[in-house]
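Common to both upcoming complexes is chain A, partnered first by chain B, then by chain C.
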Partner chain A sequence: MTYLPVPTVVRTAEQLLSLRGISKRFGAVHVLNAVDLDVYPGEVVAIVGDNGAGKSTLVKILAGVHPQDEGTIAFSGGITAIASPTDARDLGIATVFQDLALCDNLDVVSNLWLGRELRKGGGLDEVEMEQRSWTLLRELSARIPSVRVPVASLSGGQRQTVAIARSLIGDPSVVILDEPTAALGVAQTAEVLNLIERLRERGLGVILVSHNIADVQAVADRIVVLRLGRNNGEFRVADVTSEMIIAAITGASDNSVTRRASKDAEVVQLRRDARS
Partner chain B sequence: MTSAEPQDDRLAPAGARRAITGMVTRIRGGDLGSLPVIVGLVLICGIFQVLNPTFLSSTNLVNLTMQCAAVGTLAIGIVLVLLLGEIDLSVGAVSGLSSAILAVGYVQLGLPMPIVILGSLVTGALIGLLFGVLRTRFGVPSFVITLAGLLGFLGLQLFVLGKTGSINIPFDSLLVQFGQQWFLPAWASYSLVGLSAASYFVGEFTRARRRTDAGLTSTPVAVIVARTAAILVVLESAAWYLNLTRGVGAMFAVFLLLVVVVHMFLTRTAWGRSVFAVGGNVEAARRAGIRVDRVYISVFVLCSTFAALGGLFAAARLAAANQGSGGADTNLTAIAAAVIGGTSLFGGRGSAFSAVLGILVIMSITSGLTLLNLDSSVRYMITGLVLLLAVIIDSLSRRSRAASGRA
Partner chain C sequence: MRGAAALREYRGLVQSRNPTPGSQTSLREANRARILDALKRHGHLTQVELAGSTGLSPATVSNIVKELAASGVLNTSVTSRSGRRATEVTLARTLGLVAGLHFSARHLRVAISDISRTVVAEHHVPLALDHRHDRELDRATLLLSDMLESVDATFSELLAVGIALPAPLDIRTGMIATPGLLRGWQGVDVAEVMANRIGAQVFVDNEANLGGLAEARFGAARGTRGAAYLRIGHGVSAGLVINGAIYHGVTGKAGQIGHVTIDENGPICRCGSRGCLDTLVGAPALLELFRDDPGMQRIRDLLLRADSGDSSARRVIADAGRHIGIAAASLSNLIDPELFVVGGELAQAGEILLAPMRHALDRSALAGSDGIPDIVQGELGDRAELLGSLALAIENVGLEAELRTFAR
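So, the complex of A and B:
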């Protein structure tokens, strides 16, 4: 049994990204089974689910790490295939992985532009890169003391900020954040949540993968629950309590406890029938 | 904290004072750069000068610089592989092979010199390509690949030399002239130094102006002037001192030029940036879209090519190639030089200049001990100690970087 989906929300904008019937198998294991997902511009969609629900696999499919076995991905209306990380990047899907993938020995500017440095003549255009880095960080109201310090000297929240800012360098339309607050303290989490709101204000579609229900409720517009590789409900944050989300994540409505309860009811019924 | 905070980099005290406080903070944080090796070099020179007053004589220093060029060139390649967090143990064998190809091709087969030189360098490049492909295709650690290369190419060197064992290169050949007899005329050495200082100044000044125009922090002009003056004074007086006797060797000048060129490529190009990125975090580099395999292969090719070039320099200096060319401690001296010069063994940190500084330290020790009539037993032990010290400094500075969050 699944939760009733939210009544279809009236949309003014077209979907940016639309997944239909996505399935993925690893050997005999069905990691994803006919999963649907829509992302609209200027919206934060949270994907929540227990361990093994298939969140990371879904993210990896979108990031081009491995393609889906079945199902279609439509991006800005057209059906596309995402076969490699480069494909994802070229489409405008940027992913910030949980481990951030920053080079600790390089400074903030180098990390932001890594792999797509601006050139001038035969060399690097450091001035332009640094200037644009400042502009970007300022737009995000990011608190980075200096862009010329090695990333290793930054705090966890600042590193997360750098990783998110880096995802914006290629001017993407969808940003995927994989557990962005998992390793952060209270203040830093708040900072990152502010940052996510700013991404939404820029009109980006944001996919937020998280374990943390409080964070999800704080910033997300819509919550998509995955359970054992299937869609297990979709909620608008305004309509939902954390208990309902947790129930959907754990499948509290369909588990050994409820099944036992219904079995008991049947037994009682049988006895009644026998007596009458 | 306000949103205006990103600029607080720029709110720091301006001018020369900031440059100095910035340097102190960096050093305290464990970002030592070339400081330990320069201090070490001064100490070593001081000690040997006290023990034997001929150590700092112009004649001895000219000899010392001439000895640096060959192994120093090997060390440039080692710096590159160390920056990736890899190692190349075969540079000695490759340089020996290159000497052998030169001698056999030029003396025994009578081929023209340019062809032979080209042949040696291409052999080096192909060896590097082989290492790079093995490293990236099969993921075998470079330690093992190049150890196999060390044995294999040592064998190839002996095979190329054949029964002769040792081949003398005619003294009047251009290469030997270049390695032994050619020195920059005094005026040329002074103007070269002047030219480098001038281009340093112009480069830094235009950079600072562009940054100021763009509203970014820039090095104050006073600091640039001071640095240029320092470079000018130090290098001109060094040139002057060497010019008291034979002067600056052409081979040493070429070595320095190579170091500067490699430094430029490492710091000013996207390729250099990707070398540091791969050395810092391979996975991050790969996800950033850097073709990691190409970076590995390019660096191994460069390293082996520098090794081959070093072999040519060694043959030029010795006017011979023999079974011992590139053997014995050549390998380890080159690796030690890169590490002593301040390039980290852990990858992602270092500079092309560490090849110069490191080889100067090692050759100073060698030369000083020779002057004291101590044989190679003592030299090996002392060089070993210095290397150990350098690695300890590297590890300690890494730890203190981690402690102050600059890892």
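So, the complex of A and C:
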């Protein structure tokens, strides 16, 4: 039986965010050493690594908490500097930190619009804010029964959902989630994972920092491993087993994993050349 | 009455996915489905909360709730929210619940229904590729316990559980029939392990079989005497439903058309053979063709790309359809079904996939006096296998369990 081989498509999509050679020192500690990272639109990139691998520092650089010492950040093609959280927000990078930074005594609507309240006449436009909150939460298929209850009364997963929804109010193009499923129950983790899928479908670039390899493999498209402040492998989720990821995180196989990955890529390239 | 209500509900849900424009009736049906959907997601809600989470006006919600409560679909009770009187709404259910779990290659779907098939709670979560039985069964148990709690029930009310797995199961041992097809679940008696965890009877079958069962009972293959359900997703497999019952074969491997040899010299398959249909049209094979394209990582990306008119995406899906059509033709010649129902993630491509399948079937299948079997898209969408696992559980609720219910 014969059939035509389908041509392989090579498309160079534009990166949303591209970090090159990012380094950061805190005194004698070299936290990040020439780290590269790319994020494409509609893609979930997971950053995994052991404690002290530099994940949080990388996130903080992108969030504008502290600038990098060396290296460049390109956003939508142009090199930019992120000197403050306002810069990050203006660029369209939204970060949801692990502590969520919600106001427990305020209701969901007030939390979503905090600092960006819609106004009408002399006061707040509560009706419009409530309607837009519902629209947003529905688009995210969020399981929030009511938007007029104090955030303190919501479950962990629902609070995470509110924090993620809040990050979308400014219409960002990249959302960074720092350990979104840590300390959540199973049903709540499911909610957050589904929410990440929704973000991806909206065409956002999502950076997911997580310790949970299974969660990462469930929703991520690409996994970037950091080890002791350096890139220690980058995998397509379709190509990788959890053993390979863990080996790269711990350095058990040091570079044989990355070496094997690059060898595989070579073989694929050879095959492709032979085909064409 | 209750059965009719459940059926209406299924239809309502199907309709809400494909809203037919125009009439007042269809609008009402869609609104009803929205309310039922919201209740399934949250367990119980007040009318005000229902209005918020469905986007319907409080008056519409109130009318629909009144109507559905009168026909026995919903229960209402008086409660209070923030010190104010409120009407709490729950889905009405008969005593005795069953659960259905569908583990597909990349997704877990869970539903709880009463024995008259009214789904009262539903949840889903993406899974890692190559998931493992221990972690996923743990997760499913916890998820079930949360969902039972949301409808004010406990594990003791659970009469039976049906599980759909993405691999053929040996009906004599209850384990994965062919090594390699689902590595993380090999050598485990899933029914027994799960039964020990939750204390109810557990029944396990292949996802294509259960998808086929659901389509034959409530979907596109209703009323047929012999139908084949082709599940096209991460892999390809067929569920054969003959005279209303699943045909398993002697060991349970019947219908695994994903492992029909298409190319003698083709790539090695996870089953150990070469050039199987799966290695040509399974999700990994299709996505591998777009390796350098960062925006093409899931079947859904491929579908969206095809939908937006991308010619290579459409071509890849059409070629897959042609190959599956060839395998379907062999199947047609062997078991002579009345109808092919296509399900699984790739089925959402619709005619892009189905037209080349028909063409290939037309070329290679033996035509009878009334032509070749028709190929149609499933009516139950991505919930077919889940509904099938619920149906499996309901069928197996034994006399013993019913007695238990009455004794309570």
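Simple rule for what comes next: the second predicted complex is superposed on the first by the 241 of 276 C-alpha atoms of A that agree within 3 Å, B and C clash if a C-alpha of one lies under 4 Å from a C-alpha of the other, contacts with A are read in each partner's own complex, and residues count from 1 in each chain.
In this section, contacts are C-beta pairs under 8 Å (C-beta built on N, C-alpha and C of every residue); 3 or more make two chains touch, one makes a residue touch a chain.
The model shown is predicted, which means the values in this text are computed figures rather than measured ones.
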Is A:Gly42 contacted by the first partner chain B, the second partner chain C, both or neither?
-> second
Where does A:Gly27 make contact in the superposed view: on chain B (first), on chain C (second), on both, or on neither?
-> neither
Looking at the overlay, does A:Thr241 come into contact with chain B only (first), chain C only (second), both, or neither?
-> second
Does chain B (first) or chain C (second) touch A:Gly78, or do both, or does neither?
-> neither
Mind working out whether A:Val219 is in touch with chain B, chain C, both or neither, as first, second, both or neither?
-> second
Of the two partner chains, chain B (first) and chain C (second), which one does A:Ala190 touch, if any: first, second, both, or neither?
-> second
For chain A, which residues lie in the overlap of the chain B contacts and the chain C contacts?
-> 134, 137-138, 143-149
Note: in the complex, chain A contacts chain B through residues 85-86, 89, 97, 99-106, 110, 114-117, 119, 122-124, 126-128, 130-131, 134, 137-138, 141-150, 152-154
State the interface residues of chain C toward chain A in the complex, per the touch definition above.
-> 41-42, 45, 48-49, 52-53, 55, 81-82, 106, 123-131, 135, 139, 142-143, 146-147, 262-263, 284, 287-298, 300-301, 312, 315-316, 319, 322-323
For the chain A and chain C complex, residues of the former touching the latter | 1, 3-4, 6-13, 40-43, 134-135, 137-138, 143-149, 185-187, 189-190, 193-194, 197, 201, 213-219, 221-222, 236-238, 241-242, 268
Complex contacts: residues of chain B adjacent to chain A | 1, 3, 5-9, 29, 207, 210-211, 214-216, 268-270, 273-274, 276-277, 279-281, 283-285, 287-290, 348-349, 401-402, 404-407
